[in-house]
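In the two complexes that follow, subunit A is the common piece, with subunit B as its partner first and subunit C second.
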Partner chain A sequence: MKTKFKQIFEKLYAQKDKLWLVIWLGGLLLVWGWNLLFLNRPALQRIETGFINSFMIALLVLVFSLALSWITVNSLLLPHRWLRTLFVFLLNILRSIPQIVGILFGYVGITLLLQQGKLQSTFTVLVLMAIVVSLFVFQELVDLMRERVRHFHKSDFYQAMLVRGIAESRIINYDILWMNSRVHIFNKLIAIFGVAIFLQCSVDFIISIGLSTTLSSIDLPVTLGTLLANIDSKQDILAIGNSLMHPSYISKIFFEHLQGVTVAFLIVFSLLSIYKIANGFTERFKL
Partner chain B sequence: MRRRLTEHLLSILVITLLAAGVFWYLRAQNEQKPTPAEKQLGPLLELPFAEYDDPFHTALLRDLLDLYRPGRSAENDSLLSLLLKTREQKLVKELTRSHLQQKLTWPKLGQLSLMYGQFIWVYVLVLFLTYYGVQTVAVMRFVRKKQERESYLYALWQLLSAKPFSGGAQKTLKAVRQAVSLLIKAALRGLLYFILFSPAYVIAYSLRTRIDTDTVFFMIVLGVFSNGLLINYANKFYTFLVSESRKGYVLTAMVKNLSTDYSHHKKRGIPYRAIFALRKHFGAHVFQHIFINSRYQYLATFKEQASFLITGLIIIEMALNIHGHLGYELLQQLLYQNYEIVLVIILFIFYLVKLTEMATDWFIERLARVYENKI
Partner chain C sequence: MNRHFQIEIKTGSRTLAAIDDYPIAGGAITFIFGESGIGKSLLAKAVYGLLDPAALSVEINGASYQKYLKSRLLKNMKKEGFFVFQEPSSHLNPLLKLGEQLSEGSLKDAGDGQGILRHLFDTKDDTYLQSLLDIYPLPYRPSGGEKQRLLLTMAFKRLNEYLKSDIPADNSLFVFDEPSGSLDDQTRNRFIRLLINIFYRKPFTCLFITHDYSIIGEIFRHYRELLPFIRFKELVRSEAGLLMRDFAPTDYLDWLKNTRAVKDKPTQLKGQKNQNLITIRNPFRVYDHDFYFHKPDKPDEPKPFRLNRGEMVYLKAPSGLGKTTLAKIIMGLQRAQKLDMILLGKKINENTPPAFWRREIWGKKAGMVFQHADEALNLQATVGSVFDGLPLKRKLNTKDKIDLLNTLFRGEVSANFLGKRIGLLSGGQKQRLNLLPTLALDTDLIVLDEPLNGLDFASIKKIIAIIRSKQSEGKGLLLISHNEEIFDSLVSREHIYRLNVYDATS
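Our next item is the complex of A and B:
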């Protein structure tokens, strides 16, 4: 039994992405269990909803980023040179807008639509939020895809396939992107997942603390960012600083300040775990 | 280079023209448009001698209306009440918005320029520090990998797997000391990771009761160490180091007897001094070539790093409500719907990103010419 456990651990240690996936899920489960015991039900429900919404948006960001990148890479196959140049030019302009500014404006737009009553379902709002975030993060994936296409474009097999009469779009989409780059794309998607969570939490936090008087944060679905901006959570986070000077206070943090500490932990621990998973994946496939 | 420069300048021109168009549109929209009630009551609202707070004036107006519009008493009453109501609404609206609404004036532009100057100053400093940090952390990680050092937790696991407590008291004590030391190191490293991955506002709020977090110094510290910037871009640099180390020229260099010893304390190794130096140089070590080539490749990512840094700094200024800073000003003006000023701030930020991109492209071009022996 002991040897088997040791073998499993050694195997997991060699595949760090899987190890960190286990650590992440284990950590989340542990925190949930702790909260189930010591946090009041309404607060726990808010955290659960915030967590699910945040991760739902991040997953949708992956879907939209993938779609946008695929469309972009295929648009670069357009027959007219000036159209291609225009497309790249517009992409570069979009790249020069800092992500936070773009997403902030997108979110303000969504909130205005909500106030005008044009958006009714929460899912539609989540989808819109994901579209806004993906507009400012998908370029990383485009860069990777273009680099892969450029890399294979130089090789003999590309020319050979063209000579055989195979359509360029098939070579790019199937032979290059699907057959030879999907591991790279998946790795990049893991990184984008982390960036999406970070940006989304930050914008939600900023909107909730900075714009809450006119653009009510109640209108937007609860996410980890909005929960962190909640006054109770902020008090909980302040308590961490208090415990630095009064170490005896540390024990109280895990019982009396659970809401804020849990939200902060979920954000930071998820970002760290996703980083480690992406790293492990890179190492395992020698990308 | 000329093509790239043209593209940059063209995008600056396009965005500036677009912003100017939006600016004039906003200005036209902001001109006070009268409400339907104000339109209907226009001349009555503007009567220079009438003071409607005075009951005598109100009664006088009522009599005048009856005089000029005889037989329409009820209509005149409702007109008068509408007049008083509209006047009150206009006054309330002006009072509540007057101190919040701002237009883009020359003094305001000057104020924004000062904030922009401060933002640029902080940005350049943090960019320099993070660039140094990214290289140092990546080199450190690469050297540790070459030294085949395992993580502290894994070392602890191995120590415990070797059944260290079964020997004598002295052996047990030594093992306990080792285990505790590894555990402390692992905990410290974990804490460091948590700090590096924490969004700036989490760190700032954690320390707010103990430290004044609204200072420029603290902003710089947060800019360097938080938001995952340092660790993520160090990882990208590290990836370049690993991919370079797999290339053929490394084997050639080894054949030419360049050092491949990665220990810190040997003469032909990699000393800490070289790792932490501002200008990193590793002498006749094969790593010198790996490092230089990786640094060149990283320059393309540097633009991405700069853009993410701006995002980070704006998040810090907005989330911490640091008064008198560009990010905070942007948030405030957005809140008060002063879109003219918002537009100017965004334009400022766009120019900064473009300027960084142009400078990086120029530097890449220059280095490429050096590598191709054209200079």
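Our next item is the complex of A and C:
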């Protein structure tokens, strides 16, 4: 039993991505357990909702980014050159917009729809938020996919399949992207997952900070970013600063300022873990 | 004296090569044939003490490799021996000039090797040789053939030293791993002549690993009296593992004698119009060079290249001249700067858009087999998936795929073979697999670039039989191969062309 446990630990230690996944999930579980014991129910419920919404959006971003990238890469197969050029031109315009600015404008659009009462369900809003984020991050995946296609385009295997009469769409989608690049794509998706959380938290924080709770951001679903911008959370964060000057205050942070500290921890710890997972994955598959 | 080795090479739990009896005949030249990737080089390296005991788990005659590396037997063999690597680039130090490498280490006192170089390069031009020796090895220069000849020069310098020594033949070991892979037939024959001349003066122990069965013809034509000192072996897979069995050279020679060109056109084609598949007028230009075709014995008489239905045309040219480039031009994969070609009844020139081939040619009227199976196959894909996506009249089911595989893999196609990753196949298996999808297509024109690369004799016979059956079905075949002896025999003289390049000054 002891040897088996040792073997599992050694395997995990050698595969840093899996190790960090375990650390991340373990950390989340630990924080949740602690909050269950020491945080009041309404605050805990807000954190749970914010966490689920944030990660739901990030997961949806992955789905939309993958779909958008796949469509984009396949647009290279469009029969007319002018169509391909137009597509690339539109992509480049999108690429020229800074991510944060683009997402902010996207949120403005969502808020307008909310004000007009066109969006009733929270899930629809989450989906729209994910689409907005995806529009400004998916090109990273497109670049990777196009790079992989370009790499194999020069190879004999691409040409050998072409002259056998195999459709170019099959060569690109199955032989290059699926058989030879899925590990690379998955690795990029891990990174995009991290980027989606970071961008979402940043934008939600920007649009929520300093505003009364009765204004604006209440229309959008609660996320970790909006929770961090919430007045209570800010006070909790300030308490951390206070504890630096008054070390005796540290013990109170984990009991009396739990909401803000938890939200800040969830964001930072998740981003760090995702970064480590991506690095470990790169190392494991020698990408 | 014969030595016998029991060898097992593993990485982790995976056995890379295992053989119960790997014989080395002392004072004799042993030719070892066998398909690519079966383990010929690995076993020879194990015997010569070249494997890394930290990376691989190796056992020789039941003892650990570390023990073997320290053995007197190995020390003696290496003292007067040499190992010519299959891939010359891996043997050469990129940070040392070629001339310096020729006199490095134990070769320092073995003369300058100028005579050997002159013989192998077939030149008396010492200025040219010096210009070659003054350069650092790069991936593109010297060429593969030049690198190979330089390595052979090192081996011959070592052999000259061996001639002067009193070391018995049994104690020497010279290993030549695919020494003629990048050489044309003439240069290969010069190399063999030199090797055998030295052997006449003083026999030595030699392992000669090769896929080139036409060496047998050369030996039987010119060095028949040496046959008592020559062994022909073939490394094959058996149920019990690898097996080094005797190869009967007469099997090859008799088969070659019976492989005569089919002069008559298939009956169903007689009297038919539009039999021409390809006509290329001279010259065509690519990479700023003008190329032309001629009959092998008439280099001054350019002749248009023609390939008709039911014909097999063999295209010859020195390595690196542009045979594969021409095949790619015909198949629309590469654009020529100047081209006047009629392909399956359509007039083609340098401005013909690639869409033409996509729309009308690829997989429908013509198919091509690329020369390097390792590069032409998707190594991540599975064996069964190479037949997916082919433009056939109906989708192949598992049974169809197994039937197709059985044409070249008889006895190897088990239930899980279809699901095996191509990257895990041996080189010879990959080459056989590389041929099958194109041969499964019903195209009028088939271009085969080095179809016999890395194959064993049994597979060569099968491939040639398939090629001939395609010809008898009325298909046109363009063959590109360095294996001149086989294709000279298979293709009638009027269908053999030589590709040449116009001298820039002319």
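In the analysis below, the second predicted complex is superposed on the first by the 277 of 287 C-alpha atoms of A that agree within 3 Å, B and C clash if a C-alpha of one lies under 4 Å from a C-alpha of the other, contacts with A are read in each partner's own complex, and residues count from 1 in each chain.
As a convention for this text, a residue touches a chain if its C-beta (ideal position, glycine included) is under 8 Å from a C-beta of that chain, and two chains touch if they have at least 3 such contacts.
This one's a predicted model, so the numbers in the text were calculated from it and none came from an experiment.
Peer 1: Clash or fit: subunit B against subunit C, after overlaying the two structures on subunit A?
Peer 2: These partners fit in the superposed model.
Peer 1: State whether subunit B or subunit C is in contact with more residues of subunit A in the superposed arrangement.
Peer 2: Counting contacted residues of subunit A, the larger count belongs to B.
Peer 1: Would you check which partner chain A:116 touches, where first means subunit B only, second means subunit C only, and both and neither mean what they say?
Peer 2: Touch status of A:116: no partner.
Peer 1: Based on the superposed arrangement, let me know which partner A:167 touches: subunit B (first), subunit C (second), both, or neither?
Peer 2: second
Peer 1: Per the contact definition in the header, classify A:108: touching subunit B only (first), subunit C only (second), both, or neither.
Peer 2: Only subunit B; A:108 stays clear of subunit C.
Peer 1: Contacts for A:248 in the overlay, against subunit B (first) and subunit C (second): which applies, first, second, both or neither?
Peer 2: A:248 sits against neither subunit B nor subunit C.
Peer 1: Just subunit B (first), just subunit C (second), both, or neither: which does A:100 touch?
Peer 2: Touch status of A:100: first partner only.
Peer 1: Please state the minimum Cα-Cα separation between subunit B and subunit C in the superposed model, rounded to the nearest whole Å.
Peer 2: Nearest C-alpha atoms of the two chains are 5 Å apart.
Peer 1: If we count contacts the way the header does, which residues on subunit B are in touch with subunit A in the complex?
Peer 2: 7, 10-11, 14-15, 154, 157, 161, 193-194, 197-199, 201-202, 205-211, 227-228, 231-232, 235, 239, 304, 307-308, 310-311, 314-315, 318-319, 321, 330-332, 334-335, 337, 346, 349-350, 353-354, 357
Peer 1: In the complex formed with subunit A, which residues of subunit C make contact?
Peer 2: Result: residues 328, 331, 333, 358, 362-364, 366-370, 372, 375-378, 380-381, 388-391, 434, 437-438, 441 of subunit C touch subunit A.
Peer 1: Of all residues in subunit A, which touch subunit C in the complex?
Peer 2: My answer: residues 155-157, 159-168, 170-171, 174-175, 179-180.
Peer 1: If you look only at subunit A, which of its residues touch subunit B in the complex?
Peer 2: The contact residues of subunit A facing subunit B are 6, 9, 13, 89, 92-93, 95-101, 104, 108, 140, 194, 198-199, 201-202, 205-206, 209-211, 213-214, 228, 234, 237-238, 240-242, 244-245, 264, 267-269, 271-272, 275, 279, 282.
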